[in-house]
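Next up: some structures, all given as structure tokens.
Both complexes below contain chain A, partnered by chain B and then by chain C.
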Partner chain A sequence: MVDYLKLLLALGWRNLWRNRRRTFVILFAIALGVWSMVTMAAFMRGIIHQVVNDAINNLTGHIQIHAPQYRDDPVIEHSMTLPSAALQELLQKNEKIIAWSARVRVPAVIASERESSGVTLVGIDPSREKTLSFLFEATKKGRYLKDVEDKGVIIGRKLAERLQTGVGKRIVLMSQDRNNEIADRGFRIVGIFDATLESTELAYVFVGRSVVQKMLGMGQDISEIGIKTRDREVVDAVTAKLRQAAPRLDIQPWNVLQPLLQARVTINNGFTIIWFVVVFVAMGFGLVNTLLMAVFERTREFGLFQALGMRPRFILGQVMCEAFFLLLIGLAIGNLLSLLTLQIYSDGIDVSGLAKGAQMIGLSNVIPLTSQLNDVVVANALVIGLGLLASFYPAWRAARYVPVEAITRT
Partner chain B sequence: MEYTVVCKQLSKLYHQGDVTIAALNKVDLQIQKGGFVCLSGPSGSGKTTLLNMIGGLDHPTSGEIHVDGKRVDQMSKADMAEMRLRQLGFVFQAYNLIPVLSAHENVEFVMQLQGMDKKTRADKARAILKEVGLEGMERRRPAELSGGQQQRVAVARAMVSGPSLILADEPTANLDSVTAEMLLQMMRRLNDVHGTTFLISTHDKLVMSYAKRLIGLHDGEIVDDERRN
Partner chain C sequence: MDLLLRMAWRNIWRHSRRSVLTLLAIAFGVVLLVFNIGIQQGSYDVMIDNTVRMFAGHIQVQRKGYLDTPRIRTSIPNVSKLAADLRKTTGLETVSARATGFALVSSRSRSYGVIITGVDPKYEPMVSSIPGTVRQGRYLSSPTANEAVVGSSLAKNLKIKIGDELTLLGSGRDGSVAATVIPVVGIFNSGSTDFDRHMVHLPLQTFQELFTMGDHGHAVVILSKNLEQLPDTMAKVKNYLGQDSKLVALDWEQLLPGIKELIELDIAASWFIYITLVVIITFSILNTFLMSVLERTREFGIMMALGAAPFRIGILVMLEAFVMSLLGVGIGLLLGAAINYYFYVYGFSVPGMEEFAKQFNMPDSIRPQMSFFVFSIGPSVVLGATMIAALYPALRIRLLKPVDAMHAV
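== the complex of A and B ==
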């Protein structure tokens, strides 16, 4: 049997190179298909990875804790007290949690001498926020906040442009306080941050938490606790533990807090599969056509095989071996090209030429290529599995020839 | 007397519209073991049809075919393939060899299908190629051999596993007379030395001159049967 297999493999391999040009054309098609599957999947994963990471770093975090009504109506009345000792201990000691911080977050209006704009006023604990969100690294001009009592404000670069203001200048922040009265306060701009998205630069202003609490008469109350976990995989487990520790609070993971983002991830996964199938169908037709041509050209030979006593199933096996080699070589070249592409663009693909359009769909100027082993395995398995399945038809045709008709075919 | 081939009332009918054409019409034939038999006749006389049916490549419309005492016309496809593998050798007019295999590999091919071990089949292939005068050409592929050399490889392949019957369909049709004569001398020698039965279809007088028995066919019927010493 081993000998027989060796014979089939040898015949399959040598037949592959009888019409080199045709073989190279189909190899090119398979390699291109595999390359596009793996690279496009990495590109699409990169987009999603970036969008999700941006969202997580832009204050969403992996998990958030709120008072039960806050998410439906994020006003000052729906704030909550600082976490209980038990919850604080859990947040502090759970090794899957790498950072957490309590924030005040309320809608506000910011006004300079020239312009005003609607924003979200965020009162933060600067030292905790350093490892939790983007702000520390994004503060490019001026300085970062010192502590919860810091009376300075950090605003986004785009907002500063819009307000025609800058570091060292004063602005006024207005919001609704605990008693439904307008509370306002003047702040000096101490820092300007650059975010991935202009929309973030326009939306948020940051001040020390205690300063906001005093301005709005909130006492020690807070709007939310943002939490960052080790990675996305542990989010569900950590959420469950936190819910056990604080059953009366609204504790939600990022995909619930950002349902649109979750929908985008799902749609992206769907598109990846659809892309795989479209590429494979195009490639499959090429493969079947090539093998049918090869089988048709060798009709007499298949008749000869039968005359010599070769069983039809081994003729089928021979053509399948040929298809297997084609797929295997195509896969190897395709994967190699993908690897090269991923290596060349390891720092991401620069789409700054399309910056405006990219921003509209929440993308930054550089999109990273994020290859997942899972996608590579699925692409390879799909090509080899469905490729062999598609090759079965020409192989079956070869095995079904009537010997006397095949031998006399001219 | 021992017969390799026995055909009884063998017929093969083809239908073309309302017309029925008898490629073979109730043929009775017995071929003795060790014979060197030629089927002669003009084109369309039924030579190739008879050869194909004896070789299990085609089915008769009616009648019986026995090869080495086994009923061929009632065999399953698998049994027929097994019989072709173990008991028959084929030499066709052209396209006899597998283009991607060397002369040596072509000769080994049938033995490989039979499951023979590597060393035995290599030794046998080498020996038979030497016997047909192709020593030193073992590694050449069919495209690198002349027509006569290709036919010799085909005969070597047909002979190598020791079949009881070799069916040759117009084996000299594409060869010049000198090469054809060399091939026939070789086939006769193999027939004499190994006792293998040869059944050859031809309309070449040179081939007929080598026959121990010459059967004439015309319009699907045996019209002449000449035995020679």
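== the complex of A and C ==
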């Protein structure tokens, strides 16, 4: 049996190189197909990766805890008390949680001497927020907040431009306090942050948590707890644990908090698979045709093989071996090419010429290529699997020749 | 030529299975291109049209610099007269004056910072689709009425209904405090989360009084009949503004740069995909062309010995490829057109896309564009690519020597 296999493999390999030109042409088609599969998948993943990471780093985090009505109606009345001792301990001890922090988050109006604008006022614990969200690294001008008592404010670059203000200048923040009265307070801008998206720079204003709590008369109450886990895979497990510890709070993972994001991930996954299949069909036609021709021109030879006693299934086997080698080499070249592409574009693809368009779909100026092992595996498996399936037809035809007719054919 | 054509036709069907597979590969590519480009163009059309008609308009006349940094002081004096003049110059009724400010809006229990837009109740419904989406109550009645129309999400957040009063608190053009109490007469639901959550409409004069604007405004919005008429309207507007260096006329591409660049980004990404696909298909069928020449070496040798010039044989081979490609492209085009027509009638939608589409002012289902461009670009690209592929084997014929060729197996 092993001898037969060896023979078939040898026959398949040699047959492959009987017509080099033809083999090279189809190899090119297969390699290009595989390259486009893997590279496209990496591009799509890169987009999703960036959008999801951006949302998680911005303020969403992996998991958020709120009072039950807050998500539906995010106002001061729906704030909650500081986490219970049991919950705090869980947040602190669980090794899957790498950062968490309590925030106050309310709608507010910001006014400089010249202009005003609607924003979301976020009261943070600066030391805890450092590892949780983008703010610390994004504060490019001025300084970061010192602690919960810090009387300064950090605003986005675009908002500062719009309000015609800057570091060192004063602004006034107005928001509704616990008693439904408008509370206002002056702040000095201590820092300006740069975000991936202009909309983020316009939307958020950061101050020390205790300062907001005092301004709005909310005592020790908070609006939300943001949590960052080790990675996206453990999110569901951690969410379940937290829900057990605090059954009366609304505890949700990122994909529930940002349903649009989840929809985008699904759509992108669907698109990637469709692209794989389309590319495969395009090169499948070539593959089948090439093998059909290879089989057809060897009609006499197959007749002879059969006349000499070779079983039809071995003829089938030898054509399948030929197809297998063809696919394997094509895959190797294709994967190598995409590896090279990923290497060349390891810094991402620059789309800054169309930055405003990219921003509309939540992308920054540079789209990274993020190759995921399972995409590569799926692409390769699909090509080998469906490729062999498609090759079965020419192979079966080769095995079906009637020896006497085949030998006499020219 | 007739003879060549007949020979080409017969040669194609000598290997009918192979030819059918090649035809199918070509048709497959054409169907994909026709369908995809149709959907793409169709969605761009709705996206531009819906966004432009919702609020921005095709053209806006503004003070220079207002677009980049919209400040209340960067205003147009006597804005109503400018709008009236532009109506006369362009011959269009769809011209409306606007003013924009910012205020803290409070109901009994809630407060939010929102954009306040002062509009001309008579002309605003002609340039914007928002007045038409008033679901409860009515739109503004006169330029001087003391009434407001708010977005549905904002109404929900403020917990107000028709007839409730809002307190507006902002700062006027001269820096003074602008404050008023105003009843809500209508709630609109535009479908755009941004507008529904952040927008309040007031009659223009009420706005001007509140924000101490005098007769100033911030923009005159012009809606052209359609995109084709836009350059003409634009020329008239620019001509009217003349050398007035303080005002500029901006078209939708400048007003909504995101939309235009998003479309360009999408086109760039999809052409990368299309070209890859076409190249793969071309190489898939290159082998068919190549083999059909190589296996006929002997036959060509005999033809040459009988006096056929290599050039004529080359033409024959090209003709075979051309007829085959044309058949494939034809089948693909028919099929693609049928698919596009089906979705043109019934609409094309992807489950799960609805929310995403809403973000870009798009309806749930998209109709493919039925245009010459859609039906010609894909087929031409595929036909061009296959003809280039056929060139290589055809040129090889010139290298044949009759005697050697006849001995080839």
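One rule holds for everything that comes next: the second predicted complex is superposed on the first by the 410 of 410 C-alpha atoms of A that agree within 3 Å, B and C clash if a C-alpha of one lies under 4 Å from a C-alpha of the other, contacts with A are read in each partner's own complex, and residues count from 1 in each chain.
The definition used in the following text is that contacts are C-beta pairs under 8 Å (C-beta built on N, C-alpha and C of every residue); 3 or more make two chains touch, one makes a residue touch a chain.
Just so it is clear, the structure is predicted and the values come from calculations on it, not from any experiment.
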Looking at the overlay on chain A, is there a clash between chain B and chain C, or do the two fit? fit
Quick check for you: in the superposed arrangement, does A:Ala86 touch first (chain B), second (chain C), both or neither? neither
Using the superposed model, measure off the angle between the directions from the CA centre of chain A to chain B and to chain C, in steps of 10°. 90
Check whether A:Val404 is in contact with chain B, with chain C, with both or with neither, and answer first, second, both or neither. first
So in the superposed three-chain picture, is A:Leu7 touching just chain B, just chain C, both, or none of them (first/second/both/neither)? first
According to the contact criterion defined above, which of chain B and chain C contacts more residues of chain A? C
Does chain B (first) or chain C (second) touch A:Ile273, or do both, or does neither? neither
I'd like to know which partner A:Ser175 touches here: chain B for first, chain C for second, both or neither. second
Which partner does A:Leu304 reach: the first (chain B), the second (chain C), both, or neither? first
Quote the smallest CA-to-CA distance from chain B to chain C in the superposed model, rounded to whole Å. 9
Shared contact residues on chain A - chain B and chain C: none
Residue positions on chain A within touch of chain B in the complex are 3-4, 7, 11, 14-15, 18, 300-301, 304-312, 403-404, 407
Using the touch definition from the top, list the residues of chain C that touch chain A in their complex. 15, 17-18, 21-22, 24-25, 28-29, 32, 69-72, 102, 104, 106, 108-115, 157, 169-171, 198, 257-266, 268, 273, 276-277, 279-281, 283-288, 290-291, 295, 350, 352-353, 355-356, 359-360
Touching chain C in the complex, chain A uses residues 21-22, 25-26, 28-29, 32-33, 36, 40, 73, 75, 107-111, 114-119, 161-162, 164, 174-176, 180, 182, 259-260, 263-264, 266-267, 275, 278-279, 281-283, 285-290, 292-293, 296-297, 351, 354-361
Under the stated contact criterion, what part of chain B meets chain A in this complex? 52, 55, 57-58, 77-78, 81-86, 88, 90, 92, 95-96, 98-101, 109-110, 112-115, 118, 157
